[in-house]
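Here subunit A shows up in two complexes: once beside subunit B, once beside subunit C.
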Partner chain A sequence: MSDSNYTVSRASPAAKGAAVAGAVILIVLILAPWWAGRADMRLMGELFLYLALASLWNLMAGYAGLVSVGQQAYVGFGGYMLFALTIFGGLHPVVAIAGAAVLGALISVPVAALIFRLRGAYFAIGTWVIAEVFRLSFAQISALGGGSGSSLPVDIVRSLSSSRSGREALSYWMALGAAVLVIAAVYLFLRSRRGLALTAIRDNELAAGSLGIDIWKTKFVVYVVTSALTAMLGALIFLQKLRISPDAAFSVNDWTAFVIFIVVIGGIGTIEGPIIGTLIFFALRETLADLGTTYLIVLGVVAIVVMLKAPKGVWGYVRERYQIQVFPLRYRVKTDSRN
Partner chain B sequence: MPSILQLDGLGKAFGAVTVADNLSYELEEGEALGIIGPNGAGKTTMFNLITGTLSPDSGAIRFQGEDVTKHSAARRCRAGIARSFQVPQPFSGMTVFENAMVAATQAAGMSGHEAERHCIEVLDQTALLEKANVVAGSLTLLDRKRLEMTRSLCARPKLLLLDEIAGGLTDSECVSLIQTIKDVHASGVSIIWIEHVVHALLAVVNRLIVIDFGRKIAEGDPKTIMASPEVQEIYLGIEVDA
Partner chain C sequence: MDWVNAIVQGTLLGGLYALFAAGLSLIFGVMRLVNIAHGDLIVLAAYLGLTVVVTTGLHPLLALIIVIPVMAAIGYALQRGILNQTLGDDILPPLLVTFGLSVILQNVFLEGYTADPQKMDAGAIETASISLGGLSLGILPLLTFAIAVGVIAGLQFIFYRTPLGRSFRAVSDNQDIAQLMGLNKRHIFGLAMALALAVTAIAGILLGIRTSFDPTAGGARLIYGFEAVIIGGLGNLWGTLVGGVILGVAQTIGAKIDPGWQLLAGHIAFLFVLAVRPNGLFPRVSG
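Right, the complex of A and B next:
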């Protein structure tokens, strides 16, 4: 048969090189508590959490087409669950983080049933409304400080580690671990059979439905998994902050606007995009931090310029120009050289 | 022969425009049926009703004896109904091979090497194998039509719905398309084919249905149908002198 000379492969030399480089970088990052200062570790921890948030938003908006501007609902929910489960439930903070993820998944099911009735812009506004409902609801709970919020009790903070440097190292590793977990989960999901279905939905819903893909179910699974992991990240974020209030927990600026900026600048609908975007965002933030509100104006200008000059983001531009991919999702059909 | 598809009094209207009007027919297993009719007659709408992209206002659709009127498009596809779109609907950001893999894994339920083998075989058959790694969004219209055909074959259908797949082909391309469709038909797949390129259609189908204003206006042996004055007048716009 003529087609017996063809083989299908998913790896590429660039991806193999990137995997080795990625492993080396990961080891260096794991060892950070022995080479980095306290401020640098805090900054890197925050960067990892933003990277994870951005990767999740990208999976949801860039692949499943669910453009949510209300992910702060789950960040805040996760943060409050950390406080509730440790203070009232007496759980260890690490267990409470896992608990926040489970509860985040549970609460996202009725939310999805409600907002999945909405399409496009209406869906986006619906998610924002839901997040506001979450904020107002948590402001009513006086046991968690009501509108002014509360701090994590000292004995719970100490239960992580008795020394301050021990806590900082642990908090750093958890942030790094969360980012690795999220990116690995997104990568493995997209490589799977369901991931192929999701990529098809990204490109053409009409054709996807006509080729046997259950669009509602696929989007629902993505939404619930994204929400669970976002709640987990929320718990981690507020374990670092040690203090929570409704305004900080459900901030649309901090947990959604910056995240959208990262994904759009880096390249929506690619795994690499959020990584590049996070690096650009933190580079801008750290160099412009002294400028006050001018910093936000610069961010806005950068976003507009990138959208005009490279609508698919920095990585989208690089990928089209040089035909490379760091995460090997593609199928490549090769002709065998024997014939 | 048992019937594979049964349309029973299908009706559909968009406001005052009726696009399917009490439409009924049966397709036997292994049959190849041709559909002709003027533009806007409701041919593609009929495909949308059969595949579940649209739901009918009235009537029922049975596939392999089962009432599928309420089933989603995805479910009907997994049951064995595949279609090609008249206006190609590629997954633009994915390669040709990945487009084929979507059909093989999601519609036909294949996985791993079995799915890859199947896709390569079909791509070879539809003359797209050389372009397997090309991103679908950059294909020419002709190749997009080939991709429609490829995807619907990768879905391993029992019933294949082809919507104006021959338009715009050169003579030699048309000959090879006819051969491909004949091969698919010979392997036991039932076919409904909407086509304006009548000579291509007549080379394949055993029966012809003429549709106008969402109604079935003639049905039967292709040669007889094409020769009937009614069809010549309505479909070909030829005035028949009395």
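Right, the complex of A and C next:
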């Protein structure tokens, strides 16, 4: 067999162009504290955190087949750990955010051992039960304000930065950093050996198992990593909000429903989908938010229509039509034109 | 005696949970569909009941005469219009579509009935009770439990003794062969959802008489129903009743220890069963 007739590559001109554009956009975004207003920075910070949450949910549901409607368990857990570690542990908030991620990973191990016994859709409701258990448990802890919640003490907030603009810039950069970290982690994970196993499981679980892939273990690793990063995001979210209560921390609408809509509309099972979905979600929110409940009804209808008519979402449609991918995951075979 | 009382009251509460669960169990059994909007449909029945009671002045239990057929019609239309399109090997579409439906329903309730908690007034039956060996049993909880037993017996009869039940079992076993035998599975699925929502109508009305409800009350009802189904074992209707009773007893005993523990105790009982008997106590079909 001759070896010079074809080449296998992952990169494509589109991906290289997108990488350059992405780097430019990232630099512009890093410089936002010098060009954006306070309200815009707040909005962008929130957007980055939703982007990160959506990317993680997409990794679980779109690749590992673990459809969770209980991610608010880890968002809330991370938020409460930020409060507990800074107030009682005396840790610096940034250290506490890392601590929340570690604790999130630790708590997810016994949780996974229990709920991995449920299959498919029942797994989804099982994750919701876990989130309810977390919510009711934290509502019992009177040191953290019980059912009514508590605020982050002023001196802890000041320890981030003495000036208000310094704090706002720092929390913006942390949100941006978290989004970049999560997307990079998902991308590198999917390009790794384990990511290949995961993609195989996504395409056909039975075939993947017969090729020797340990399905339980692969899913378990995804669940634990996702939980840790989601807890980290929860800590960041509540560092921005400065106030936590069980109902806000474990809200199924805020931390799961919106995230699911973002991923479904953008395109499930692709890295690009959550990015597009987040942009669409925020564009809809900023234009329709005045409508109140009608906006949520519209969002639900859009998600159902997308799921029924274009189950691969906006990005899936674009990809099928133009054959491009911004994050090169697939291999492409290029044959030599002389043959 | 306090403890005996807690157990008896919990058992009666379990009847209501079994009613939440019966519809969920039925549609899972027939078409392997898990409906995330199930709890919100229970709340929808309660709101429909409230509307009927307010506009016609009927007693809430008599409102069932209107609410049951309306819910059944909604179920059939929902299944044929939307949910049938989602059924297949992939579990994601039904899950996400019913999740979207749940968010839509909650916000429609919010729009139509405001966020204020509502309740149906059933008059004297709400507070009436009978004394039995030192225990005081409410008529309404007793009636709820009796209805739950009756509904499950009825579903069991339909499932195993009627032509409709035979077609349910046929499509459940093998959809393609059932089609070859002349059954229209889309129609059968529609009938199954209609039956499930007829049961949901009963559950919703009883919920609305027993406690107050608001637009977001559905999530918790879905979870209780789901826990009852898993504790009892998938596909086993009498098991679901036992699951509901275990959940109800766990909650009343939890509440007896500390009021803040009521809901938590129910969830812990569920997680405990999941840990020691992953397939539930009386499994019939594998998930």
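Note that the second predicted complex is superposed on the first by the 333 of 339 C-alpha atoms of A that agree within 3 Å, B and C clash if a C-alpha of one lies under 4 Å from a C-alpha of the other, contacts with A are read in each partner's own complex, and residues count from 1 in each chain.
Operating definition for what follows: a contact is a pair of C-beta atoms (placed from the backbone, for glycine too) under 8 Å apart; a residue touches a chain by one contact, two chains touch by 3 or more.
Quantities reported herein were computed from a predicted structural model and do not represent experimental measurements.
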item: Which of subunit B and subunit C A:G177 touches, first, second, both or neither; value: neither
item: Subunit B or subunit C, by number of subunit A residues touched; value: C
item: Touching partner for A:G209 - first (subunit B), second (subunit C), both, neither; value: first
item: Touching partner for A:G22 - first (subunit B), second (subunit C), both, neither; value: neither
item: Residues of subunit A that lie at the interface with subunit B and also at the interface with subunit C; value: none
item: Of subunit B, residues touching subunit A in the complex; value: 51, 53, 72-75, 77-78, 82-83, 85, 89-95, 97-98, 101-103, 105-108, 111, 116-117, 120-121, 123-124, 129, 132-133, 151, 155
item: Residue ranges of subunit A touching subunit B (in the complex, touch as defined); value: 1-3, 6, 8, 193, 196-197, 199-200, 202-204, 206-215, 269, 330-333
item: Contacting residues of subunit C [partner subunit A, same complex]; value: 33-34, 36, 82, 85-86, 91-97, 99-101, 103-104, 106-108, 110-111, 219-220, 222-223, 226-227, 230, 260-261, 263-264, 267-268, 270-271, 274-275, 278, 287
item: Residue numbers on subunit A that touch subunit C, as the complex places them; value: 61, 65, 67, 69, 114-115, 117-122, 124-126, 128-129, 132-133, 136-137, 139-140, 252-253, 257, 260-261, 264, 268, 293-294, 296-297, 299-301, 303-304, 307-308, 311
